[in-house]
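What follows is chain A paired twice: with chain B in the first complex and chain C in the second.
Presenting the complex of A and B:
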C-alpha cells in the first residue's frame, strides 16, 4: 500500500467491518441499555465457524456465510435467554457483568477447542485487484463493502416496514409503553440479540478472510472498536454506529499511514476519550449535556456485610505470616505472594468500584504504571528499591487520577467505557514511547527487592514484605471507609445527584478515591516489577482488570476483607489444581456469571 | 350491569415499602369509573398492577374471566385492556401515524386497522394535521389526544387512563373530558385516575377515593360530588384531608 486512496479504501473497509459489530451493539444498547461485551466473542466464534466450514466441510463462501449467520444468531438467542433474561430486575450493571462473563467463557472455549495459536482463514475469492485512481480494490474489498451496504439496507427495511421492526423501535424508545401496546419485549430482546450476533459473526468471518488470520483472543479488540464506534455515533443510535465505524476506520487508517501500525489502536482510544469528554452523547447530539443514563446507582445490592470478628482477622494474619515457616515448597509461597499482589489490586478496585460505585474496567493499567515507574526509577535514576516502590505508588496515584479526571462527570456505563479506553491507552503509550519505556522490548534486568544492601531475593522475604504491605494498605483503607470520607464516597455511589445537591463536590472526592486506589495498585505493580525482573506493555492486560473485578465481586463490592479473600480464592485455588491452568479464564467467567445471578452481594457482602 | 374488572384484597409493595393495603374495587361494564387521590396515594401503582407491570403480593385481579395475575402485560393488552399511561409516554421519535398504528400492535386485521385509523382522525381532527410529525414535537394537549387515540386503536373493552388532564390548559381539559365521554358512549368502559376531583366527578358514573393505599370512600359520582368530605379534601374548603 502506498497511496492515500489505498489508505482511504482500507479505512472504509475496516470501518465497514466495525460497523457490522457496532450496529449490533447499538441495537442491543437501544433496546436494553446494555453494552454487550460478548459481542466480540460472538464475532470470534463466527470466524472460527467459518474456518471450520472451509477446512473440514469445504463449503463455498455463500454457504459458509449462511452457516455462520444462522449459528451465531442461535448463539445470540442462547446468550439472551440463558445468560441475561434471568437477570431482569437485578441491578442494572448486572447484565453488563454477565456479558463480560459470557465473553470470558466463549473466548476460553475457543482456545480450548482450537488451541491458542492463530490460524489462517484464506479467502476463497479470486485474487484479482483492479486499479482505481492511484489505489487498488480487490474482490474481498468489494464483498465487504457490499455486505455492509446490504446489511444496512436489510436492517433499515426490517426496522421500518416489519411489525417486529416496529416493536424493536418502540421498545428502544419506551420499554414499558411498548409492553402496554402488547409488544412482547422478551421476544424483542431475543430478536435483537439474534440480529446483533448474526452481524457480529459475519463480521468475524470477513475480518478473518481480510487479514488471513484468526485467533481466539480476537474478540476483545472487536468489542472495544464497536464500543468506540458507538460512542462516536451516540450510544444506541444505529445510523450513528455506522457513521462512527467509518470515521473510526478512516482515522485509524490515516493514523497508521502517518505514524505506523503500532499507533492504530492508540488513535481509536484517543478518539474515544476525546468524544467521551467533549461530547458524551455522540457527535450527533447537540448539547454538551451529560448522557441520559437510566442506569444510576451501582451493582451494590443493599445488604448487611458478614461481620468477621477481630480475633479471626488477627488469627488469619498470623497464620498467613507463619506459612513460610512450614517447610513448604517455594512454589506455594510464590503463588501466595502473587495472591497478595492481586489482593492489593483488588482492594484498590473495591474502593473505586464498590465504595464509590465507579465500575472500572481498566484497573490493570495502574499496575502497569506502577511497575514501569518503579522499574525505571531503579534502573534509570538508580534509586534504591525501597524508595522506588513507594514513589511508584505516588506516581500511579497522581497519573491514574489525572487520566480519569476529565471523565469524572460521566456515570455508570460511560465510566466503564472510559476506564476501559484509558486502560488500553496506557498500554499503547508504553508500547510506543520507546525513549522512556524501551517500547516493545520491555524492561529487563530490573533489580530484585532489597532493603539497604540486603537482597530479599528469596521467596520467604518477598512473601513477608508483600503480606506486610498488604496488611498495612488494608488497615488504612478500612480506616478510610469508617471515616467521614468513606460516608461521602458511599453517598456519591448511592445517589450522586442528591450528593451534589448537598454541596458535595463530586470531582474532588472521586479524585481522592482514585488517588488512594491508584496508590495501592501502583505499589502492587512496583513490587511485581522487581519480582518478575522483566516487564513489558503486555505484562498486565485487560484480562487482569476483568480478573480483579471478578475477585472484587466474589468478595463483596466495597468489602476490603472480601477483596482479599476473592483475590486469594481466584489466584491460589486454580493453581492448587494444577491441570486447570488453561481453564483459568473459564473459571473466572463462570464464577462471574454465577455470582451475578445467585449471589450479587458476594461472599462477605457489600458495604 | 356486570363488573368488567374486579380487584380484591390487593397488597402491593415496592421493595419493603407497602403501597396498597387490601385494595378492592370494581369497574362496571359501560361506565366511567374514576379513582381519586392525592399525590403518592398509589393511583399510578393501581394502573401498573392492572396492566401487569407490577405484581401485587396478595389479592386477585379479574378482567371478565381472565385472571390477570396469570397473564403477562402483552397478554393483558390482548385480552382487551387499553392504556393511556401517566405523562402519555408516546414513542417520541416515531411519527404520530406510527404511534397510532403501534396502538393496534396486538391486532392483525389490516383492513379494519386502516378503517379505525380513519375513524380516529375523525374523532381527533387535530391529530390529522400532525400525522407525519414526530410525536415528540407535539404539544402536551395534542400528545394526550394521540395517546387516547393510540389506546383506542387496540379496540379495547376497557381503557385505563392515568391523569388524562394533567398539565393541560382549561380549554384542552374540557375537550379531553368530552372525548372521554364520547368514547364511553361508543361502549368502551373507562377507568381513570385523577387528582382533579371536580372535573372527574363531572363525567364519571362511579368513583373511589384512595388515600395512602386504602379506599376510604366510594359511591355514585353525583353523590360524591356533594359529599362534604370530598368537598373538603378536593373541591376547596378546608385543607384537612378526608377520612
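Presenting the complex of A and C:
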C-alpha cells in the first residue's frame, strides 16, 4: 500500500507541474481560441533565465522568481504582438502556425546561446523532507504545490472580481461583442499572454529545480503535456486544465509503476487519443454538445495559383535529371537527393493538410513507419530492396490510415493535436516494442539500394532513383487531384458540413487521402532507411514534421509543384550557409512566421 | 399522391430550451410546402433534424418509408434529399463548376465500383486510371452542369470557372441551389433562398423556384418573404417558439390570428403590416 501512496503523491506533484503550463494554455485558448505552441518554449526560457540568475547574479530564489516572472511576461507580450495581433483576420489556424514558428525560434535561440547540453539547476531551498507513507515530501514539492494553488486562486480572483478579469471573460465568450461594448480586446489578449507566460516561465524554473536538470528541448515536451492536460479538461477550461493535469500526472505515475519509466509518455498520449476519440470536448463537457465553435481548420487563402506551363515543368525535370552529369559534385547530389526525399514527404503532407485541410503535425511518423517497414522486410524477411520499399509504402498507407481513422470526426485544432499525439505514439511504440524494432538500439546494417545484383550505392544512382520515384508520385497525385477525388477533398476542406449534405462520407474520403499520402511518405522513409543504413526511433522526429509543414506552406498548400519547390528551397538553402547546421531550424521558424504573416498562399499559391 | 416525408412528434431540446416542440409534418410527392415564422421559431432546427445535421430527442422522421432520424446526413442525401443552408455554405475555394459537380456526388456510379470492403481502394484506382466509362460519366456530369447553370439565366454560366469566393452574395446562393439540384433530389429543402437579395433578384429567384415546382419538384421551403410564399406554396406551416401554430392553404394561414400575433406580437399592428 505504501508504494501506491508514493506513486499517488508523485503523480499529483508531476500533475501539479503540468498544471502550471496547462493553465496558461487554457487561459490563452479561452480568450483567443488559440493553442499557444510557444507556451513550452516560454517555460524553457523561464528555466534558463532562472539558471542564469542563480549562476551569474547569485540572486536568492524570491528575486530570481520575480525576474523570471517579469521577463517571461514581457516575452508573452511580445509573442502576442508578433504572433497573434497581426493575424486577426487570417485563417483560424494561422496564429497556431505562428506560435509553432515562435516556438522553433525560441528553442533554437536557447540552444545557440546555452548549447544543447543539459545543465543542472540546483534548488537553493533547504533540503529537509517529511516522511509520508513510504516516501517523502520536500520543501520544493510543497513550493510547487503552493504555487499551483496560489496561482489558481489568484487567477480565479482576477477573472471573477477585477474589471480587467471581466473583460477577459467577456472577450473569451464573444470577442466582437466585447469590442462593441468598448473592451479593448488587444489589451485583454496582451494581459492574458503576459499572465500565461509568467506562469509558464515560473513553472519552468520550478520544474528545472525539481529535476535539477534543464535543457533546450524541455519546452516542446512541456507544451505536449500541457496540451494533453487541456484536452482532458476541455480546451479553454481553467479548472479543467488543473484537473486534467492531475489526472495526467496520476495516469503516468501509475503507468510507470506497472510498466516501467519508458512507458510514461506512451501513457499520456494514449490518454490523449482516448479522450479525443471519446470526449473531444473534454471530460466536463456534456457528450452531445457541439464543439465550442464551428472552426474551419483549413489554411487556404483565397488566391489565384500561379500557372506553371507544362514545358517549364518538363524543362525543370530534365535539368534536375541532368545534374549528376556535371562532374565532381557529390555533395550537391547528396543534398538534392535529400531534397527529393523531403519532397515526397511534402507532397504527402500537402495532400492531407492542403487539399484535404487536415493540418497534420505528426507526418514524420509516416517516415518512421516506412523506414522501419522497409528495413525490417529487408533484414528479417530477407526481401529484396526493390520489393521492400513499395511494401513499406503499402504498410505505411494502411497503418497510418488505421492510426488516424479514430480521429476522422475531429476538426481543425483537434486534428492537429491528434496527429501530434499519434506521431509521438509511433516513436514511443518503436522505442518500446523491442522484439520487433530492436528498441533504442535502432536497426543497423540496412542493405543499400539495389536491384537484383546491381548495387545502386553510388550518389548518382541514388539521385536518379529518388528523383524518378518523386516524379512518378507527383504525377500520380496531380492526376488524383484532377479526378472527382480532388474535388471531394477540397469540398471537405472548405466545408465538411455542406460536403456531408451532398452525400460525401467524410471517413471514406479522409481514409483515401491519408492512404495515398501515407504511401508516398512510406516510400520516402523506405528509401531513406536504405540510404542511411541505420535508423532508430529518433531518426525522424516532430521537428521533421514541422519542417515538412513549413515546406508545404512555403510552396502553397495543396500545390504539388509548390511542395517540391518548398522542399528544395528549405533543404538546399540552409546548406548554402555552411557550418550553420544549428541555424537550420531557426531559419525554418523565421520562414514559417514570415510566411504566415506576409504570404499565406505561399510561392505558387494554394489550390 | 403518397407521403414523401412524414415527421411525427419530432422534438429537439437544447439544455432547458425546447427548440422544436413535438411537431408533425407531412409532405406529399410533388407538393410545395413552406414553413414561415419569426426568427428563432425553430425552422432551421427542424430542417437540420430532417437533413440529419442534428438528431431529434424524440419523434420519428420517415422519408419514403424509411426511418431516417439520427441517420448521418450523407446517407440521407444519398436517399435523394438535398438542402441549402440559411447563411450559404458554398465551397469557397472551388470553382462554380466544381461546386455544382460535388452536388452530383451520390450519383457517381462508374467511378465507384461496388466491391464490398474494397470500395474505397477501387475508387482510388478508378480515379487514377480513369477508364473510358469514368471519363464518360465525368463528361456527362459536366454537360449537366451547363444545363443546371442555364436555369439561372446568365448569372452562373459565364462564371463557371471562377472560384466561389469571388461571387456576389446572391450568386453564391444561386450556386448553392444549383449544387442541390445536381443531386437530382426527390426532396429539396431550401432555407431562405432569397435572404439578402434585392427585389429584382428575389423576383428572379421566385420564377426559378416556380419553374422547379412546375416540373414536379417536391420542395420544403423556409422563407420570410411572404409574397413569394403566398404565390408558390400549396400549403404553409407557421411556427413560433418551436411549435406549429397554423397549417393550411397559404391565405388561411396568413390570416390566422395566431400567425399575425406571432409575427408582430400585436394583433392590430400585425394586420396593418400584413
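Keep in mind that, in the parts below, the second predicted complex is superposed on the first by the 598 of 607 C-alpha atoms of A that agree within 3 Å, B and C clash if a C-alpha of one lies under 4 Å from a C-alpha of the other, contacts with A are read in each partner's own complex, and residues count from 1 in each chain.
Note that in this section contacts are C-beta pairs under 8 Å (C-beta built on N, C-alpha and C of every residue); 3 or more make two chains touch, one makes a residue touch a chain.
Please read these numbers as outputs of a predicted model, since none were measured by experiment.
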With both complexes superposed on chain A, which partner does A:494 reach: first (chain B), second (chain C), both or neither?
second
Where does A:163 make contact in the superposed view: on chain B (first), on chain C (second), on both, or on neither?
first
Residue contacts on chain A - larger count, chain B or chain C:
C
Mind working out whether A:508 is in touch with chain B, chain C, both or neither, as first, second, both or neither?
second
What is the contact status of A:181 with respect to chain B (first) and chain C (second): first, second, both, or neither?
first
State whether A:238 touches chain B only (first), chain C only (second), both chains, or neither.
neither
I'd like to check the shared interface: which positions of chain A are touched by both chain B and chain C across the two complexes?
none
Which residues of chain A touch chain B in their complex?
163, 166-167, 169-170, 173-174, 176-185
Given the complex, residues on chain B that touch chain A span 51, 53, 72-74, 77-78, 83, 85, 89-94, 98, 101-103, 105-106, 150, 154
Residue numbers of chain C touching chain A in their complex, please.
51-53, 72-74, 77-78, 82-83, 85, 89-94, 98, 101-103, 105-106, 108, 111, 119-121, 123-124, 127-128, 130, 138, 163, 165-166, 179-180, 183
Give every residue of chain A touching chain C within the complex, in rising order.
300, 302, 476, 479-480, 483-485, 487-488, 490-491, 493-495, 497-506, 508, 511-512, 515-516, 606
